[in-house]
Structure formats: structure tokens, C-alpha cells
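The following pair of complexes shares a single chain, chain A, combined with chain B in the former and chain C in the latter.
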Partner chain A sequence: MLTQIAYALPFLAQGFALTLWVSLLVVVFSLIAGVIMGVGLVYGPIPLQWAVRIFSDTIRGIPILVLIFFVYYGLPAVGLHLPSFWAAVLALTLFKTAQVVEYLRGAVGSIPRGQSEAAMAIGLTFRQRLAYVIFPQAFRRFLPPWINGVTDAVKGSALVSLLGITDLMQAINQVIGRTYEAMPLYILGALIYFAVNYALSLASRRLERRFSFIRE
Partner chain B sequence: MGYALNFNLIWRHFDKLWGGLLLSLELAVISIAIGIVIGLVLAVWYVSAGRIVRTIIAAYVEFIRNVPLILLVYLVFYGLPTVVDIAYSAPTSFVVTLSLYSGAYLVEVFRSGLEAVPRGQLDAGKAIGLTPWQRLLNVRLPTMLRITLPALSNTFISLFKDTSVASVISVPELTYGAQWINFNTFRIVEVYLVVTAMYLVTGYIMLFALRLVERRFRAAR
Partner chain C sequence: MSTSSTNIPALLDVTDVSKSFGTVQVLRSVSLQVARGEVVTVIGPSGSGKTTLLRCVNFLESYDSGSIRIDGKEVGFRETGARQRRSERDLAVMRAETGMVFQSFNLFPHLTAAGNIMLGLTKVRGKSRAEARTIAEHWLGRVGLAHKADSLPAELSGGQQQRVGIARAVAMGPKILLLDEITSALDPELVGEVLEVVRSLAEDGMTMVMVTHEMAFARDASSRIIFMADGGVSAAGPPAEILAADTDNERLRTFLARFRASHF
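Then we have the complex of A and B:
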């Protein structure tokens, strides 16, 4: 049993690398898109606010699995052919973007109005207000939940195995298909996911404690 | 491009989606009910327990929360029967998984609620001569529930959405119904639009109902 699993380790490591790669891409893309849309939600004109609100509420209102299938099977149907890897990244990015929008809204919303007004009073432009006054303060409230939310990207990435992408989850299933050692391999997989995500949530908790001196 | 929407085939097979939605709700309700029991018992135990018990409960909570649900579903359905002599249907296996899963999330919610109950209330309970059981049932739990209701609502709705993972072990719930129509009629965009709407509407009805409960209990401050 152990020799079979040891034999499969390099294959599992490849899957794990893919899991990390998908998660990294999703985290980076969603951070960019989410911050832009979040600023649109807080400061944008009313129609933009509505658009972002509808986007975020819809995405957060459906299971990630449905979103993944919708993107994966739906895009080719309307004539857009993406490789399954990128369809998966796109779907997970949409899901994660909606989360980032909410983290940003919460973080920016927690900064007292007076800060904005004071910045306006000393003649800062909108961009300067964001860059020098709002974002540096909001950052400390944004970071802990955001890091904790990265675990959702890693966990969500396990669903891409359903699209035939050989991530860690799929690699485990394939090795089980060959060795019939279901339980040891599932436990091994669970421990790998646990190690990554637990490290992330510990980092989040530590940052939260470190930033907890900020009170209104 | 140039995809013409045609919902006829979706309506013809709508029973798959409607039956799927009902099964999703059933899975969610049963699992959440069991999860509430697990969560309450472990949370109450946790706050009064010693170090060892606390570590064990924390290990359960952290393990479940940091592993993808799909892996847990596979583990319980395909893995467990290879080492223990049990046999269960896919829906039962999923209920077992989601109950353990929701239990872990609910322990966290209840535990933070219990810790947020003001000390003064417990002292007051002691002062008027309530027994420890009475203090728990009549002071601690009601106050804790009121504090945790908003977080509970979110957890319930998110657990309802998690039932979609049951489709990976062929439990014919809503997402499975969507895939069935996807593969058999190829009205792909239509079926996912309809299913998105069904998840959204159900989620919002749940949210609305839970908000009503919250408002009902908030008044009693």
C-alpha cells in the first residue's frame, strides 16, 4: 500500500502544483477586478452601483459548482471556446471577485465619514483621497478577511477536477482508480489541503490581532 | 455568437429541476438540523471544557473548515466503506457529510455567540438562585441565539448552496437535474439561467424568512 502511494507521489505533486497555480491566478485576477468593482460600488454613479450590486448578489447567491458548469458548458454554446483550464479560472475568478467586492465595501465603509470630509477640506482630489487617506486605513480591515478568503479559492479549485483538469483532487481520484487505496489517499489529500488552508487562516488571525489596535 | 434562447425543452423537463430543488432543500434541512445538534452540544461543551476536549473540538472544526467539501463527500461515500463495514445510499452518505460539515461551521457560530453573552447575565442568574441547567437553558442559550441569528442565517443559506456538491455522487438534486438537461437537450444557457434563478429565489426566500425571525427576536431586548 505504502509503496503504491509513494510511487504516486510525484503525480500528486503535479496535481498539487496545478491546484496552487489555479488558486494563485484566481486570487490575483479577482483582487484586481474586485477592487475596481468595489470602488465602483462605493463611489460610482448609481447605475454602476446597481450593476455591481446585481453582479455580486447573483454570483454569491448561486453555488460555485453551478457557476463553473455555466461558464464551462455555456461559453462554447454561445461561440466562445476557452480551454477548460481557463474556463475554470474564469468561473472561480467571478466567484472570488464578488467576495473581494464585499470585503472592499466593508473595509471602506468602516472608515469614518470625517476622514473623507477632512481630506476634501484640505483640497485632495478623489484619487489622492483614496490613495493617501482611505485605502491605507481600509487596507488593515481588508487584509485579514481577504487572506482568510483565499482558502475559499483553494477549496473551490477542487471543483475544477469535475472539468477533467488534473488538479490535486483529480490526481487523487486517478491514483485511487489505479490502486484502489481510497481511504489513505483521501486522507492524504485532505491533509494537504488542510496544511495550505490552515496556514492561511492562521496568518489571517495573526494579522487581525495585529491590526486590532485600530478602533474608532 | 447568434445563440437563440429556447426554453421549451427546459419546461418539458422541468420536473427534473423542481424535484431536484425539493431534494436540495430536503438534504439541506436534514443536514442543518443534525448540524445544529452537533454544533450546540460541542459549543456548550467547548466553553466549559478543559484543554484536551477543547483541542479535540477545535481540531474537528479546523479540519472540516479547511478541506474542500467535495473531498469530504468523496471520502465519506467512496473511502469510508472500504475501511468500515457500512453501506449507505448516495443521499444518506451526503447527509452524513453535510451534517458533519455544517456541525463544524455551527460550532464556531454558537461558540462565539456563547462567549458574547455578557457575564452580568450569568451572575444575575446565579444571584436569583438558578441551577446551572436553568442558567444554560433560560439565560445562556436564548441570549446566545439572539446574538447569533444573523450569522446563522448566512450559514444556513450557504449550506443550502453547498447541497449542489451532492451532484458529484449522482444525488439527483437541483445541480444534477441541471446537468441532466444540459447533457440530454443541449439547451445549456437556458438550463443554467433557470437554475440560477431557482437558487437565487430560494435563497432570497430563506433570507427573507430568517430576517423575519431575526426581527421578531430582536424586539425582545
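Then we have the complex of A and C:
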């Protein structure tokens, strides 16, 4: 049994690499899109606020599985054919973006208005106020929910296996299909997911401590 | 109106400024001139528009009509064509010409005392970090906090924080300093140290407009006092005239009587 699993390890490693790759893409894309849209939600003109609000509420109201199938099986109906890998990345990114928007709104919204005013009063432009005054303070509040969201993204990436993408989950299922050793392989899989997410939690706690000096 | 009737153009020229929040009119055709080096105190009951007026001067609030000029330049609106708000960049440039000190200090909690002062110097004034540090240390020295340069705001007392707030504003080299009830959030025993700093700036010839409830300080430090009521200027003149108990202005007399009753 162990030799069979050992034999499958390179294959599992490939799946694991794909899991990390999907997670990384989703986390990076959703961070960029979510922060931009979140700033639009907090500071933008009313129509933009509405657009972001509708996007966020809609996406968060749809189960992620439905979103994945919608992007992969639904979008071709309107002429948009995405390879399964990018369909999965797009669906997960949309889902994650809506969450990042809310984390950002919460974090930035918690900064007292006087901070923006003091920054205006010394002549900082909007971008400078965000970069040097608002974001550094909001970061500490943004980080814990966001890292939570990152671990969710890693776990949620297992759903891409439903589109036939050979990520860690799919690789495990395929090895089980050949070896009929379900329990040890699922335990191995669980341990790998846990190791990644636990490492993220530790990193998060360390970062939070580093920024805990900021008090209002 | 002693100083404002001279021929020298006013440094701050507020003309017929009106402003409403929704249906509530907070400023009614306010006009006010402040000459270079003058210290003008604005007093009045709460809700009389004092703070709003101050906030309009550096365009933290927009004004609906009228004009506010600093050194001849319109603060919030473009000077050619139709009344149009200045661009974000232009507004930032205009705001850097006025210093503002807030009731609640509003120091940046993630930056040290020196860092608070250096931010505007490096990002707005384009100074190097070394230059900015030197200027920050100079002003921290002026407010008696040279030894606190590397302290975070949370490590400072209220009075110390407010002195850093003043240093942050004046270090930018503003043409005019706006002080918005800067001692109202302080414990009584910390008020003196902050007012002392304001007094020394006044002696240096810094032009100031302040909103305050410290009548004794207003009397001693101001060249002129403006009494606002219901969004308009109700009385203006030298301190001795405005703060006289037997003034003809009914509203002012009521305000002062109430004020004396609660403070002495």
C-alpha cells in the first residue's frame, strides 16, 4: 500500500502544485479587483457605489459551485468559451473579489473621518491619502479576515476538480481510483490542505502582531 | 473694524459666503477679512456656523455661494468661466497653503510625532527625508516636544498630541493657520500648554483664525473677535469692545452672560 502511494507521490505533487497555482491566481486577482472596487464602493460617485454594491451582493448570494458551473457551462451560451482552468479561476476570483470588497469596506470604514481630513489639510491628494494615511491603518483590520479568505480560497480551489482539472483533490481521487486506498489518501490530502492553511494562519498572526502598535 | 479697513489687501477674504446642509442654512452671507499677522477669534453659540466657516476656508466643506480668497486666490473653485470645483490636485495645492488644527487632534496613529510632521513635508513639499526630519525636529522643539520625536501619538498625552498637531500644521509653512476648538477635547490642566504654543506663534506674526471657547485667551491673544449667531456675523471688533458686558448687541450679551454663568 505504502509503495503504491509512494509511487503516486509525484502525481499528487503535480496536483498540489496546480492547487497552489489556482489559489495564488485567485488570491492575487481578487485582491487587486477587490481593493479597486472596494475603494469605488467607499469613495466613488453614487452610480459606482451602486454598481459595486449590486455586484458584491449578487455574487455573495450565489453558491460558489453554481458560480463555477455558470461560468463554465453557462457563458458559452453567450459566446464566451473559456478553457476549464480559466473558467474555474474566473469563477473563484469573482467569488473572492466580492468578499475582498467587503473586507476593504469594513477596514477603511473603521478609520475615523478625521484622518482623511487631517491628510487633506496638509495637502495630500486622494491617492496619497489612501497610500500614506488610510491603507496603513486599515491594513491591520483588513488582514485577519483577508487571510481567512485566503485559506478559504485554498480550500475552495478543490471545487475545480469538478471541471475535471487535476488539482490535488482530483489527483487524490484518481490515485484512489487505481489503488482503492481511500482512507490513507484522504488523510494525506487533508494533512496537506491543513499544513498550507495552518502556515497561513501563523503568518497572519505574526503580521497582526507586527501591526498591533497602531492604536487610535 | 480696525485693521480690515486699511488699504492693504486682506490675506483671507471671505465675501458673502452661504452654505446649507440640506434644508438647514448654516452660513448666511458671511463676510470677513483677515489681514496678514492678524489673530482673529470666532466665538458664538454652538450651531452658529463657526466651525463650518473654518472648514470652508480650507475647503474641507464646500460653500454654495460667495467667495473665499487666500492671498487673492479663490480657494475651492476655478476662477475662470462658470463656478466649477477645482480639481483634486489643485485643491490639494490650495489646502497646503492653510494649516488646520483639529479639536480631536487627528494625528496619524501609525506615524511617530516626527513622522506626522514629515509626511506633508516629503509628499507635498518635496523635501528629502533628512530635510523634513530637521524641520520636524525644529518645530517639535518649538512646541516643547523635541524629546518626543520618535513617540507614537498613543504614547503622548492629549496636550502633547495637540502640540504635535500644531507643529504638523505650521511646519508646512502655511499662509494662515486655522484652529478649530483645539483645546475643547483636553483636560483642563492641559489647556495652558497648548494655548502657550498658540500665543508664541501669534507673537511670531502667524496669521490665525481660531474658534474657541477660551474667552480669557481670546481676549488676550486676538486682534479681533467675530461673534457669530445663526450662521451670520453678528458682531465684530477688538476684544475689549466685543467682550464688554454692556454691549448693545442683544444676542452677544445673552451669549456672554450665559458663558460667564457657566464658566466663572
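Some points to look at:
Note that in this section the second predicted complex is superposed on the first by the 213 of 216 C-alpha atoms of A that agree within 3 Å, B and C clash if a C-alpha of one lies under 4 Å from a C-alpha of the other, contacts with A are read in each partner's own complex, and residues count from 1 in each chain.
Methods note: contacts are C-beta pairs under 8 Å (C-beta built on N, C-alpha and C of every residue); 3 or more make two chains touch, one makes a residue touch a chain.
Model, not experiment: these values are computed from the prediction.
After overlaying the two complexes on the shared chain, residue contacts for A:133 are found with chain C alone; chain B is out of touch. For chain A, the partner that touches more of its residues is B, with chain B and chain C as the two candidates. Touch criterion met: A:190 reaches chain B, while chain C stays clear of it. Contacts of A:49 after superposition on the shared chain: neither chain B nor chain C is touched.
Look at A:114: by the touch rule set out above, it reaches chain C but stays clear of chain B.
Contacts of A:122 after superposition on the shared chain: chain C is touched, whereas chain B is not. In the superposition on chain A, contact of A:174 is made with neither chain B nor chain C. Of the two partner chains placed around the shared chain by superposition, chain B is the only one that A:151 touches, whereas chain C remains out of contact.
Applying the stated touch rule to the two superposed structures, the chain B and chain C interfaces on chain A have no residue in common. Against chain B, the residues of chain A that register as touching in their complex are 58, 61-66, 69-70, 73-74, 77-79, 151, 154-159, 161-162, 169, 172-173, 176, 180, 182-183, 186-187, 189-190, 193-194, 197-198, 201.
Residues 1-3, 62-63, 65-72, 74-75, 78-80, 82-83, 161-165, 167-168, 175, 178-179, 182, 186, 188-189, 192, 195-196, 199-200, 203-204 of chain B are the ones touching chain A in the complex. Residue ranges of chain C in contact with chain A, taken from their complex: 58, 60, 88-89, 91-93, 95-100, 102, 104, 106-110, 119-120, 123-124, 152, 154, 168-169, 172. By the touch criterion given at the top, residues 112, 114-115, 117-126, 128, 132-133, 136-137, 213-216 of chain A touch chain C in their complex.
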